[in-house]
């Protein structure tokens, strides 16, 4: 695995600070030329969304993210790699997922981060439920987010 | 221009904090689903580099980055966009350039950030000079970085 | 064997997990889905659109034709929507 | 017209900028490079590999065949290596 540091993988309820995580990852290193961070945030869908609820499969979530990380490290030369995925109730504006890739060169950092997100979307065992702003959950208020075909297509473009 | 906020463009000598800039950009917004940050850092080239010195063309640097930003905003729907490029003496491990793109969707944020970097590399009037760790500048120590053909190729893949 | 259910599969079945003892002859994930579908209304609803159901054995994705012979933990869930 | 020089073009010419008054007939960037090349050893060295020289008029990139007729500020420099 062409990764000069262990990938950092965390599945947590707590909020995270993307900038802090990126700073920690590059701290004291002088072999890194490029750091890409991707933060996925909870949108309010034009004011209709009260919150997202994210269910996950404990154990498998970490294992699957680790497999995706190993895949990324096999494809690109990375200095370090971090994935944080939250679960539980998430308010609009809050971060859901963080991917950080660090490499000597920008191409590897960009491609690996994009690949990780495409794969997490389709392979990591998380499910989003939307809670609507008004109305009760029982009547109109709550619905599981459907998987998007465009996400499958995005993951498939990387081949195997 | 499909940008819901003015692009932020800064050419500065001072160091910057990528995390802080990203946090400011998304603060209080609930329409952003994806934030990509790219940070370009000064590598020490296996311990041989004492510092990078970056020369720039004041006025044109800002103007050219603004043109690239307008180009990006015309190609992708972005909620916001930030570019910071430093000049002057930069030590190994320090950041040189920061690109942040925010969008409703991850594809636009990734592509726009990658595009901005490819274009900045080949179009923004900055020049890097390497100062070697040992020896004097006159003898062996100092050399302008040559433009890379791979950077031209990276920029050309986006077409016009 | 422990079975786990997530998202709307969990909601329709009405439990997060349970111990199951499928009979001889239930050899694959597909067989197990068919057997579970007969365990009640909730199960039938959960598995009515069999093709959309994803499965994992011992924390790894598997296809419907995978053997369940050595499985300690098997999970059923809709397509993932994380990230 | 103000001329600016950057990176090794600046170092070879030995100045960051100057006011220049090219004669009639110097119509394009290419003409101007040729005329400047005759202004001394430093200029000759700076422009010896003409194809590698980039130019900008009033803060915008231009090709060598661009007219300098309305230029207030013209800059010469090597290919950019920022980012």
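As written, the chain order gives the labels A, B, C and D, with residue 1 at the start of each chain.
We take it that contacts are C-beta pairs under 8 Å (C-beta built on N, C-alpha and C of every residue); 3 or more make two chains touch, one makes a residue touch a chain.
If you're wondering where the values come from, they're calculated on a predicted model, not measured in any experiment.
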Remaining connected clusters, assuming subunit A were absent and nothing shifted: B, D | C
Neighbouring chains common to subunit B and subunit C, by label: A
Angle of the C-alpha superposing rotation, subunit A to subunit B, to the nearest 5 degrees: 180
Distance from the mean Cα position of subunit C to that of subunit A, given in whole angstrom: 26
Separation of subunit A from subunit D, taking each centre as the mean of its C-alpha atoms, in whole Å: 48
Residues of subunit D engaged with two or more neighbouring chains: none
For subunit B, residues contacting two or more additional chains: 40, 117
Full enumeration of touching chain pairs: A-B, A-C, B-D
Subunit D to subunit B touching residues, read off their complex: 4, 6-8, 10, 56, 59-61, 75, 77-83
Subunit A residues within the subunit C interface of the complex: 40, 54-57, 59-60, 63-64, 67, 85, 96-97, 117, 120-129, 144-148, 151
Subunit B-touching residues of subunit A, taken from the complex the two chains share: 17-20, 22-23, 26, 28-44, 46-47, 92-93, 104, 106-107, 109-110, 113-114, 117, 154
